[in-house]
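The two complexes that follow have chain A in common; it is paired with chain B in the first and with chain C in the second.
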Partner chain A sequence: MRLGLAALLAFAATTCAGADPPQFTAAELGRIAAHGPWPLPWTADPGNRVSGDAAAIRLGHALFFEPRLSANRRVACASCHDPARGFQDGRATARGLVAGTRNTPGLFNVRHQRWFGWDGAHDNLWSASLRPILDPREMGGKAARVARALRGKSALDCHYTAAFGKRPDAGDPELLVNVAKAIAAWQETLVSPATAFDEFRNALQRGDAEAAAAYPAAAQRGLGLFLGRGQCTTCHAGPLFSNGEFGDIGMPFFIAPDAVDPGRQGGIKRLLASPYNLLGAHNDDRMRDDPTRSNATGTKFLRAEHRNFGEFKVPTLRNLTLTAPYMHNGSIVTLREVVKHYSELDEDRLHADGERILKPLHLAEAEIDDLVAFLESLSPDAAPPAPIAPPAVPTCRER
Partner chain B sequence: MKSWRLPAREAESPADRVRRDGCWRCVLAASILGLTAAANAACPPAAADGTVLKSGDLVLAYRPLLKGKPDRIPMAQHFALEVQLCDQGGISAARLHKADATMPEHRHGINYRPAITALGGGRFRVEGMMLHMAGHWRLSFEVQAGGQTIPLAHDVQID
Partner chain C sequence: MNTPITAAIRTRLKLLRGLIRCVALPAIACMLPAAFAAEAKLPIFDAHIHYSHDAWDSTPPKAAIAILRKAGLKRAMVSSSSDDGTQKLYAEAPDLVVPSLRPYRKRGEISTWVRDETVIPHLEERLKKHRYAAIGEFHVYGADADLPVVRRTVQLAKQHKLWLHLHGDSDAIERVLAQDPEARILWAHSGFDGPAAVRAMLKKHRRLYADLAFRNDHASNGKVDPAWREAFLEFPDRFLVGTDTFTPERWHYIAEHADWSREWLADLPPDIAERIGWRNGETLFASMMAQRR
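Up next is the complex of A and B:
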């Protein structure tokens, strides 16, 4: 039936657009289906005991936009993670208290990630949220400052107490972790909307050729390249269009004439040295010691390899139109240039241990157009509206 | 190259059932199963014991232990393997020494270092596996028996 639908779809799109979209094989239709459904079901983070908690979500939202957590009282999480830009900042590299060396990642759909940061130096969202608060290059926060900010506003104080069962205390060793867990609880609610691709994928699933034909022919041809000659799904798989792991795609790793960004190699070292990883005492997962169910499985069995040098996280391809520029160092400005990077890949720049199947695609200009059209179809038509503050919990209203 | 499919048998251990149900009957059943693990070991392995590999007299059967019981090894998700070793005499005294996976065309392996736990009765559990890319993978095992190391391998296609 799917092959019949593909043939019908090809006919319908051809007659409408005057250009030939591909006829997807049964295997390709299966792989298209694997990129959905969207959105994914939400589940609470077992490592964060306030995941899904209304008081924590409200608190986390307020703290995300709170500049008083920073050393100069001017930098908030939202300074770099701008809701109007898919929670990115539009800069090549981030700028907190000082300039950074990596591109700010967007925050939509972070609940579904395994590793956080371009080097995966964090195995959980609350740890990844705590690092910029404490990093002297980003916010330069301290426990005393955070406690002051919380106790200075009765609504924050009340929601902290409601979420964690105690008032914020600068002397509490859990204070900073709790704050990070609240910020994580709010970020977990950030889910990007369904896109033109999702509508196409769903139409194929229900056998609705007419609805599927509404998906632009150029995007369909781009999808064909994505699945076929490009072999992009080798890494950009699943509903997030990412396998959540790391790869070396030949991007430069020098950040200064005498300094390099080691990528995943450094990330693994930082992760394993962190007291906030999932092997540590702050992991709330009750199954943490279960060999087959623990949320710490990835960290427990990590294997550092020489090839990790120069590897960076395979990013999601959703919401790309909101989150330019691209790559770990923000060095590529447009999606067209990203596609050209793969088309003209310089194999000599791939490190000795790099991914051996990466070859230049040598795409024609029209094929580049098609792949860009496909990638654009993975983003919403416009930036979703800025998230409104979650409601206050009943015990904290009128504060 | 073979497409790997999970056998129809439930991919759930007695311990999993205990956690799920939390009832004393399950605790009792799990205890009995644990005490008689060697007696119940499947030698020679049946289809329900998973994919069967052979090298001389040695037989290795493996099956993934997966949440939700999907019928294929999923891409980029952690899973554990249960391995049974047998020989002509029944349960093998050999030891599973190593389990790993590589992508021959990519010339790299997995990002994790699996750990092996002996369960008794020739059974072993391999934890920490993840095939993180689509494509052709080679699962490889090393079994130590009688001072020899015996390699076994099986190709799987991950989509």
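Up next is the complex of A and C:
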């Protein structure tokens, strides 16, 4: 049935567009199906007791846009994570209180990540949300400042109290973690819309050849390369188009003439040293002491290896058209250049035995066009509208 | 009043008070001033350093040598694409650098050199001009080790009494040793084979030595893996450690790698830790270079 559909698709696209989309094999159709369905079902974060809580989500939304958390009262989370840009900033590297060294990651679909940040220095979303608030290079926040901001607005104060059962108090050692958990609870609601690729994938699933043929032939050819010669799905797997892990793709990682960004190797060290990791006291998982079901098991057995030096997160490929520039340091401006990077990969930058997956693809110009067309089809046609603030908790009056 | 005499008396009293404190405190705390503690770090012979052309600008020779010294390396076996990088470092610190001649004139020759006959005159010319302890690190797998360019490289090593630093599988090792049973080979990354396979090869070939560069499986959290421990105890004179600076950025990992090595070596009996950490390298390569000066 699927093979028949593929043949029909090929005929339809050839007739309509004058180009030859690939005839996907049964195995390829199965792999296409594995990139969906979209969106993924939402599940609460067991490590965050206010995950899915209405008051916490409302609070987190307000705090995300709140510059009074920062040292100069001018930098908010949204300063770098701009909703109009897929929660990115369009800069090569982030700029908080001072210039940073890494590209700001987008936040759509962040709930489904396993490790957070380019180096995976966080194993949960709330600690990843706390770091920039406290980091003197980004927001430079402090507990007293955060408490003042919360108490300065009755709605914030009220939603905090509703979410955590107590008023915000600068002397409460839980205050900053709670704030981060509220911001995480809001970010968990950020889901990007279905794309042209999702419609194609769903059409194939239900055997709707007519709907599937609407997917551009160039994108289909790009998908064929993505699944086939490119072997891109080895790392860019599943509905998120990421395996959630880390890789060395031959990108330079100097950040100064005499300094480097160690990437995952440094991230693992920071994660294991952090009091806010899932092994620590702030993890709300009720199964945390059960070695077979705890959400901290992955962290417990994590160890830095030599190969991790210079590895960075395998990013999701969804919403790429909203989140240029690319790579951990924002050094590649266009998707076309990204594809060329893989096409002309410098193998000598990869260890001969440490990295067996990547090979230069030596793509023709038309093939580069096709892969770009496919990648673009993983983004919504236009920037999604700014997220609507979640409803206020009835007991909390808005000013 | 602070006459020279009273000042001298005060100084002596100060020393006496210090001495009394030493008696009261645990002996080691008094006997190990910071400078001594730093010196007490296990020296490291890093057998796997590259200084290829793309590292020269980002880490000039003086800076590179400073990195090696700061990491507490006693010696570093260096090779590079091209060999000029090795010579730059050797000129800067002949006491620290043990030069090895790589067949690659630039990056990108890893998989082509075995079929590139222009490699041979390159090697011959460099061997006439400079002193080395080894030829390598070069990459060769399986039957490629019997190709003419590799055969000639093995002959050159024999002729010049040099080691071969070979990155490849056990098949390539066997083929090279079939060409020259007396060849001395440092097996880069020990072929990424497991401890049982490495032990078997070391048992079979008495002139084969194993470098542990870019592998983690022998130790975790400062504890040596039991199977590897057996290998180290059986062949304490045949293992060496190394960083493998295969990109310019990895020069900034040398110190961390040295500390990581010290951590797991501390889990072995001290004499074996010393041998693997630095004495084997000294015995095999550094003394050889000293004789050639």
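Brief remarks follow.
Here, the second predicted complex is superposed on the first by the 393 of 399 C-alpha atoms of A that agree within 3 Å, B and C clash if a C-alpha of one lies under 4 Å from a C-alpha of the other, contacts with A are read in each partner's own complex, and residues count from 1 in each chain.
Assume contacts are C-beta pairs under 8 Å (C-beta built on N, C-alpha and C of every residue); 3 or more make two chains touch, one makes a residue touch a chain.
Predicted model, so just to flag it, every value in this text is computed and none were measured.
In the overlay built on the shared chain, the residue A:F309 is in contact with chain C alone; chain B does not reach it. When chain A is checked against chain B and against chain C, the one touching more of its residues turns out to be B. Once the two complexes are overlaid on the shared chain, A:T292 sits against chain B while remaining clear of chain C. Looking at the shared chain after the overlay, A:N243 reaches chain B, while chain C stays out of its contact range.
Look at A:D258: by the touch rule set out above, it reaches chain C but stays clear of chain B. In the overlay built on the shared chain, the residue A:I388 is in contact with neither chain B nor chain C. By the touch criterion stated above, A:R349 is placed in contact with chain C alone, chain B being left untouched. Within chain A, the residues touched by chain B in the first complex and by chain C in the second are 303, 305, 307, 353. Those residues of chain B lying in contact with chain A across their complex are 13, 16, 19, 65, 67, 75-76, 78, 80, 105-115, 117, 125, 127-128, 130, 132-135, 159.
Those residues of chain C lying in contact with chain A across their complex are 58-59, 63, 107-108, 110, 139, 167, 189, 192, 214-216, 220-221, 243-244, 246-250, 252-253, 257. For chain A in complex with chain C, the residues that touch the partner chain are 252-254, 257-260, 262, 265, 303, 305-307, 309-310, 346-349, 351-354.
Within the complex, the chain A residues that touch chain B are 27, 30-31, 34, 233-235, 237-238, 243-246, 290-293, 297-298, 300-303, 305, 307, 353, 355-357.
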